[in-house]
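Consider the two complexes below, in which chain A is the common component and chain B and chain C are the respective partners.
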Partner chain A sequence: MHDTPLLVVENLNKHFLLHKALKQENAVYVKAVNNVSFSVKEGETLGIVGESGCGKSTLGRTLIKLLEPTSGTVFFEGKNISTYGKHELRILRERMQYIFQDPYSSMNPKMTIRDIVSEPLENFRKDMSSSEREERVAELLQLVGLSREAMTRYPHEFSGGQRQRIVIARGIALNPRLLICDESVSALDVSVQAQIINLLQELKQKLSLTYLFISHDLRVVKFISDRIMVLYLGEVMEIAPSSALFENPRHPYTQSLIGSISKGDPRSRAERHILEGEIPNPMNAPKGCPFSSRCPVVMERCHSEKPQLQSVGNDHVAACLRLTQTISQRTGDTV
Partner chain B sequence: MNTILEVKDLSVQFRTEEGSFHAIEHVSFSVQEQKTLAIVGESGSGKSVTSLAIMQLIAENGNITGGEIFIDGQDILKLSRKQVQHSILGKKISMIFQEPMTALNPVIRIGEQITESILEHQQVSKQEARKIALDTLKQVGIPSPEQRMKQYPHQLSGGMRQRVMIAMGLVTKPKIMIADEPTTALDVTIEAQILNLLEELKRTYKTSILFVTHDLNIVADIADDVLVMYCGEVIEKGPVVDIFEHPRHPYTKGLLATMPSLDQDEKVLPTIKGSVPNISKRPQGCHFHPRCEHATDQCRTTKPQTYQVGLQTVQCFLYAPKKESSNA
Partner chain C sequence: MLIKKNSFYDYAYRRFRRNKLAVIGTFITLAFVLVALVAPVLAPYEPSEFFFIEGQNVYNKYASPSMEHLLGTDSLGRDVFSRLLYGARVTMLVALSAVIISTVIGTIIGLVSGYFGKFLDAFFMRIVDIVISFPVLFLLISISTIMDPSIWIVILAIGLVSWTSTARLVRGEVLRVKELDYIVAANACGSSSLKIIVKHILPNILAPIMVQVTIGTAQAILMEASLSFLGVGVQQPTPSWGNMLMDAQKLLVLRDMPWIWIPPGMVTLLLVLAIYFVGDGLRDAFDPKQ
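Let's turn to the complex of A and B:
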């Protein structure tokens, strides 16, 4: 892993307009991604977790510009890509690829596997001869654990796990630097899920890839990630190295989230922690801290004051006013 | 202890364009009073077909080709459809589905949907039914139930809808509830809430639960006994602690090993090679043999019997009593 960041995101916002109004200030927005900042180092896997509606998929799509960000800057390989036009974006596509949850809907059912996997090559490697392309497709299929014979077949002839392998083969065809995996293993059966996770790990080593791994499944995220970012209602609650996040979660939301996962052990049942309430409708998200409506240790000021991300350890940041309090008490500062 | 549900040798066949296939074969199990039995399996294992067969909800191209289903001592396959619908379904047994949005009628208010099932099964007035509905909604943790009664399903969140489904399943105080992946569509914090609720209700209502899921972590949390299904067959069953601590069948072992652990830092996840075969292409002999490390020639041709190992039963030749000639 290198220390140079491959991706730097600064104050990224994606707001969806819900109701127009004559006066701009009366318009209603859903702030799906709200002031999100983070960076991903080269060769690293950053896991992004959160419950439904936390903005994790919107974030992924905004990063590759499937969605136009409302504001904010994204640096990729040191260049500001937020201002890229159509032509520059096309070049960017080579370097950044996206793997979706459902492998069936991300392939054209009428195309053979050969055509599906060679499509990016046809688009971006125009100097390749058709036999070279054929070879490259075979090589890619082999990389993801499929045989050459797969080429002449159609998506429906494959199981879910095999389809996801094909999608991954297409995703790595142009040697991208960054793969954004959005719930890429969530639709798969457990026994197959493990195979795909191992494949992603293996490819990361072989091709020195960097991953953004979006998932609601904390077990999978813990397994695959070097660092993890926790989102709630479009805002970053905590970012920490994987082990630190699980051993010493600092944000009450992260604590609740980790506490609510089953231990998977019939002898330690009672330990499952219950977080009351539900994610509020993002249309009327709480003022102040987004988690204030469910937080077990909420204070008066949490309802009005928005906490900022602050360092709480080595490479570990969290946004919670309680942390601000304890830190300022410790250092004797006034806030 | 009383047996509430007993399934004996149940087989279900489906007719398709490609021919007729058995979705489940010779499935047997029983659920005791106030106990939770979890059926666990991957897609295509037949776990949902089993629960649908019990509820007599098999699609038109399918039929039960053999077996018996006893609910509270009565073989429901011997009763007429009318009798079953009147005195068994919804009354002694009820079901909660995975996606409450499709299980609830979108154009009827919540209150009306709940009172309907009360009026169907109990001799009470409309006012009384309303009161029972309100009480039950309160019991499943729905805030301001009076208002919720007037709302339509789409006005509720996923977790709330699932609570409504549970309330509907409970109003007739059934002896057993079937819960088919009731938390799969929910977020993890809501899942924990719903599982907790089911556990609580099991105690207050003294019902048994048949819990169908693909998620072994949930099984660890809620089950008393576990039934592992693969390709339409029960391959292992036993008490939950035994299954988790001493899984016997190679498939159960593999399934438990593939769960990413929260405590350990593994570099590579153990896997089961291959994937679940399509129903039309189930292999000969033991259905699991192409994916099994221990497969022998015998496994490729002959279906193993069920063997008893401690408190567990396992369908695998590894546990056959050793004969003089069987040296591995």
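Let's turn to the complex of A and C:
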């Protein structure tokens, strides 16, 4: 693992306009991604977790510029890609690929596997002859554990796990540096999930890939990620190395997320925080801390004051006012 | 075989074959096409050949059916049966050409409108609104008065006023398909807009377009018939089923000479019905929920 960051995101915002209004301040926006900053080192896997509707997928799609960010900057390989025009964007597509959530809908049902996997090659390797392209497709299929015969068949002839392999083959066809996996195993059976995750790990080694692994399933994320970022209502709650996050979660939201994982032992009577209520409507998110409406340890300040991300350990940041309090108390003690 | 095994169209074909009405409709339609193609062989006379009463210099008008004239003769002493056969050619030529025009225009406008959206969408949909509100009959009567009426003007006129339903249908389908993951995926792997439209969207909305084509054909036949019946469509002496019905505007013919108007009326009804059955069958066959 190198230390040079492959991807640096600074204050990324993606707001969707819901209602237009004559006066700009009356317009209603959904803040799907709100002031998100993080970085991904080369060769690293960053897991992004959060409940459904917290902006994980929007974040992923904004990064690869399938959605236009409202504001903020994204540096990829040291270059600011947020100002990229159409032409430069195409080159970016070669280096950054996206793997979709649902392997049933992410392939054109009218195309053969050969056409599906060779589509990125047709777009970017124009000098390849069709036989060379076919060889490359066979090679890619082999890499993801499928046989050459798969080429002439249609997506609906494959199972969910096989389809996800095909989608991955398409994703790595151009040797990208960064692969954004958006809930890539969520639609699969648990046993198949493990196979796909192993495949992703294997490919990472072979092709020196960097992953951004988006999922709502903490167990999957724990298994595959080097570092984990926790999102809530489009905002970063905590970023920490995988082990640190699970051993010592600092944000109450992370704590309750980890507490909600089933232990696999029915007799385990460990203390569990089950969060009450629903994730608030992002149209009228709480004013202060976004988590304040459901937080088990909420304080008066939390409703009005927005916590900032702060360092709480080695490579470990969290955004909670309680942490600020303890730190300032501690510093107050020493003075 | 043309259709790849186990593909979407293979399954659709199997479902279509199980639909009796649709199969019968297909056979009737094909029979009509065949008759139109070989009309010169089957027809006993030329379509605009006049017949005289033997030994006299008088047209053999309104002759009742006989061995000589299977369906009798019309107001100018022409053989109704021969005109019916040749009329099938004209009717089908008009209907098919008009449908090709309307499908091409409608599909292109629907694709552009649905895919690019925004200004283009608003612009094209307003054009659709304008075309829909056009008084078609009035337009055609004016055109055939101003210009030398020909079959091509009828084709053009029907084609240019009937693309709107195709455009709306295609636009709706594009809006549905556009948001699917595989279109976003094609975008993410660098495909151009043209490639996405042609390779990803069009093949996936072909089924409803095909249904629309069959139904559009039936509608074009009816439209041609009504235009010709009113005298602004296909002009004499060219026979079409519509203008053969023109004679039925006379009360005397309507009351006493059914051989003149029943055959063209019946074949129009039969063909349109058969094509509708095919269209319905296609719609069901393409609907995987069936």
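To be clear about the criterion, the second predicted complex is superposed on the first by the 328 of 335 C-alpha atoms of A that agree within 3 Å, B and C clash if a C-alpha of one lies under 4 Å from a C-alpha of the other, contacts with A are read in each partner's own complex, and residues count from 1 in each chain.
Keep this in mind: a residue touches a chain if its C-beta (ideal position, glycine included) is under 8 Å from a C-beta of that chain, and two chains touch if they have at least 3 such contacts.
Computed from a predicted structure; not experimentally measured.
Upon superposition of the two complexes on chain A, no clash is found between chain B and chain C, which fit side by side.
In the overlay built on the shared chain, the residue A:279 is in contact with chain B alone; chain C does not reach it.
Number of chain A residues touched is higher for B, counting chain B against chain C.
With both structures placed on the common chain, the touch criterion links A:245 to neither chain B nor chain C.
When the two structures are aligned on the shared chain, A:94 is found in touch with chain C, with no touch to chain B.
In the superposition on chain A, A:261 contacts chain B only, with no contact to chain C.
Shared-chain residue A:162: touches chain B; no touch with chain C. Contact with chain C, but none with chain B, is seen for A:108 once the two complexes are overlaid on the shared chain. When both complexes are overlaid on chain A, the residue A:137 reaches neither chain B nor chain C. The gap separating chain B from chain C at its narrowest, counted between C-alpha atoms of the superposed chains, is 10 angstrom. Chain contact summary for the complex, chain B toward chain A: residues 42-43, 157, 159-160, 187-193, 195-196, 214, 216-221, 223, 240-241, 244, 254-255, 258-262, 265-273, 275-276.
Against chain B, in their complex, chain A makes its touches with residues 51-52, 159-162, 189-195, 197-198, 201, 216, 218-220, 222-223, 243, 246, 256-257, 260-267, 269, 272-276, 278-279.
On chain C, the positions that touch chain A within their shared complex are 6-8, 180-182, 184-192, 195, 199-200, 203-204. Only residues 61, 64, 66, 90, 93-94, 97-98, 100-102, 105-111, 119-120, 123-124, 154, 157, 167, 170, 173-174 of chain A touch chain C when the two sit together in their complex.
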